[in-house]
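Everything on this sheet refers to the single structure shown next.
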Amino acid sequence: MTDTIQLAHGAGGRMSARLMDEVVRPILGNPVLDRMHDGAVLDTGGKIAFTTDSYVVAPRFFPGGSIGRLAVCGTVNDLAVSGAEAKYLSLALILEEGLAVGELVRVLKDVRTAADEAGVSVVTGDTKVVGHGSCDGIYINTAGIGEMMAGADIAPRNIRPGMEVIVSGFLGDHAATITAARHGLKLPETIQSDAAPLNGLVREMLRAVPEIACLRDPTRGGAAATLNELADQSGTGVLLDEEAIPVRPEVESVCELLGFEPLYLANEGKLIAFVPAEKTEALLEAMRAHPCGKEARRVGVVTDKAPGQVAMKTGLGGIRVVDMPTGSLVPRIC
Amino acid sequence: MGTDKELSLRLLEEIKRLTAGRERPMRLMEVCGTHTVSIFRAGLRQLLPPEVELVSGPGCPVCVTPDGYMDAAIAYAGMGDVIVATFGDMLKVPGSASSLAEAAARGGDVRIVYSPLDALAIAKEHPNKKVVFLAVGFETTAPTAAAAVLAAAQESVENFFLLPAQKLVPPAIRALLADEDARIDGFLLPGHVAVVTGSETFSFLPKEYRLPGVVAGFSPTELLRGIYRLVWQAAAGEAHIENEYKSVVRPEGNPAAQTMMKQVCETCTAEWRGLGEIPSSGLRLRDAYRRFDFSAMRPLDLPPAPPKKSGCRCGEVLRGKISPRECKLFGKACAPEHAAGPCMVSAEGVCAAWHKYGGGVFRYD
Amino acid sequence: MCLAVPAKIMDIQDSLATVELRGVTREASLMLLPEAKVGDYVLVHAGFAMQIIEERDMEETEALWAEMNGGPRTVNLETVRQGV
């Protein structure tokens, strides 16, 4: 095996086979993948959920994770917030000619670690190599199949006025970690990307409170985007309480320095839950017993006022709109 | 003593007491975009009595930057040997036909920086490219660009340049007050501009216009302290400059920053979007530093920016003559994702703030 | 265009300071504030320290409360005397 990726590694010949046999399978191998057929034959019971997502993050490695870890967590979490337990993943790699094989190995090891944490197997995949300059190192696509958890009925239409809004922990860690590095800010080692599989947390939540109306993971666009989508889809209003929103002081510092708001920062290991008010305490208790939900809080309520809008009660008692984010996150000086 | 929150609530009570029964609302203008955004984020408009009306002036340097400047920046970004370095705020500002974000999508090298020194570092990393820093901003930011120029001169970095469009706040305030319709009763003065200039810079307001001004900080409590002092002065029939941001604002400002700015820059007539040309309201590089001015080193022959036909009323918004909602385009033909005018583009822009935080007073019922 | 934040100077090398804001550190130039020392709290804007923060807030706030509670005018009295 060479030290760098070459176009021939994606050409389907002997080099491709060696990449599979010497790099990919030793890390990701399992009985289904090892059959090495064109398609994986899977055992599932009952209803399944199916999702896909592509990962193009730069830098590829960052405190708390890598593109490999994100590629597993993102897809597992999309299934989890649909009420499904992820079982099988596909993994498609688009590699840039000249990539160090050592980097690919690091990424694949992160895929394996995250997959083990989530209890999923990579059962099929694909590798393409593009010319130098045609992509930024590694792009990954994963698709996931999950089995619906018993009794889960999770959908925006279930959201009703009077319900309460819960977040599973500190917001903004992932985006703050990534953008801080880009702009010369140094964070203490305790602040890392929150990338984590949430299927275990969701399982515990549904076991304690099957009445959960809706779940979603606030990734790109942050909690502001997720809440606006859900307010719009459910035709209700969301009123947040600014003082209840959990944000680490270091993340607040990054926001102050670069002109961001925590509600607009992406998360990779958090979820937002909508639950009948009388079940809030039971749900919080179940969440706080799980490592991914230790800092879970109630942050707001669903109302019939201003349907489709997200508003926030400020520390002084004023109310302002929390709008949908527009465009990408760039630091401002104004 | 109590907490900040207790103090804020008490200040609100006092503001209500001092303005109760006024026939005409008191119009207080803030001339700092960061104030505009802080006011919205804290939901202050909703907490203030109807007798106090907060009006947003030309406080966002991005918003007052004319089309012609953006056209030049976009043209430079399209040149193969140029890297344009800019604060993130400028990325989506429309020029006559395009924006820097679009220039980047077409292959232009546009880098977002946090500091002019980051732009200087890019110049050192890429000696075969010309790095052009978009030097926009008011008195707060102008010394930082001047310092970067001095550092470049000292270290003999020959591929670092500015595209200067810095502006000064006091001449713009005078231009606003020259308009009889302005009807401003007092100014909430920009705290971070005053860090550099000192609070004395604004003494022309009481002396020449008999208007009060209060230098204010940016937290909700600091803003309320500023508003309270303005209301207090009005109630007592007084007009002074007060400083409610003494932790960082001295009467004389920051002398080192002023010296550096004067060493590198001189004042000039500048065009403000919405306000037109204002004498002595802009900064340009002095002859000794002219070689750092990319527009002088590589002049462009661009057609003058055509007048806007879109019906955008940013100019009147910036003068405090209309609120964004009175513009027919607001929220319809003009929204943050497809802005017709610059006030909607910058996060600090008056229209963007109104749009994002719920249009003036957001009645939640 | 005036986003600026308070931060503490942890270290100075030549005219470059390392400043800290609640655990987050960054470099800030002291070109515009040569008098700043390690341990000072400074206002940082666009990568430059702009001013040393003086903690005068306690007495100012006390005076403000006293005035609002019906006490005599003490707040910013010097500006009135100077008539600016």
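For clarity, chains are labelled A, B and C in written order, and residue numbers in each chain start from 1.
In this section, contacts are C-beta pairs under 8 Å (C-beta built on N, C-alpha and C of every residue); 3 or more make two chains touch, one makes a residue touch a chain.
If you're wondering where the values come from, they're calculated on a predicted model, not measured in any experiment.
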Handout entry: Chain closest to the middle, measuring from C-alpha centroids that were averaged per chain
Key = B
Problem - More contacts between chains, A-C or B-C - result: B-C
Fill in the blank from the handout: Cα centroid separation, chain A vs chain B, in Å, comes to 37
Practice task
Can you check how far apart chain B and chain C are, centre to centre, with Cα atoms defining each centre and the answer in Å?
Solution key: 21
Completion exercise
Cα centroid separation, chain A vs chain C, in Å, comes to 40
Fill in the blank from the handout: In chain A, the residues touching two or more other chains are 184, 257, 259, 332-334
Fill in the blank from the handout: Among chain C residues, those touching two or more other chains are 1-3, 45-47
Exercise for the section: Two or more other chains in contact with one residue: find those residues in chain B. Expected result: 33-34, 60-62, 87, 89, 114-115, 118, 137, 141, 348
Fill in the blank from the handout: Given the complex, residues on chain B that touch chain C span 1-2, 7, 10-11, 14, 32-34, 60-62, 87, 89, 114-118, 136-138, 140-141, 143-144, 147, 150-151, 190-193, 195-196, 200, 203, 206-207, 225, 229, 238, 240-244, 246-250, 254, 256-257, 260, 348
Exercise for the section: Mind listing the chain A positions that touch chain C in their complex? Expected result: 180, 184-188, 190-191, 249-250, 252-254, 256-257, 259, 332-334
Problem - Residues of chain C touching chain B in the complex - result: 1-4, 29, 31-35, 43, 45-48, 50-58, 60-62, 64-65, 68, 75-76, 79-80, 83-84
Practice task
Spell out the part of chain B that touches chain A in their complex, as residue ranges.
Solution key: 5, 8-9, 12, 33-34, 40-47, 60-62, 87-89, 91-92, 112, 114-115, 118, 137, 141, 220, 336-337, 346-348, 355-358, 362, 364-365
Practice task
Note which residues of chain C are touching chain A in the complex, please.
Solution key: 1-3, 5, 21-27, 44-47
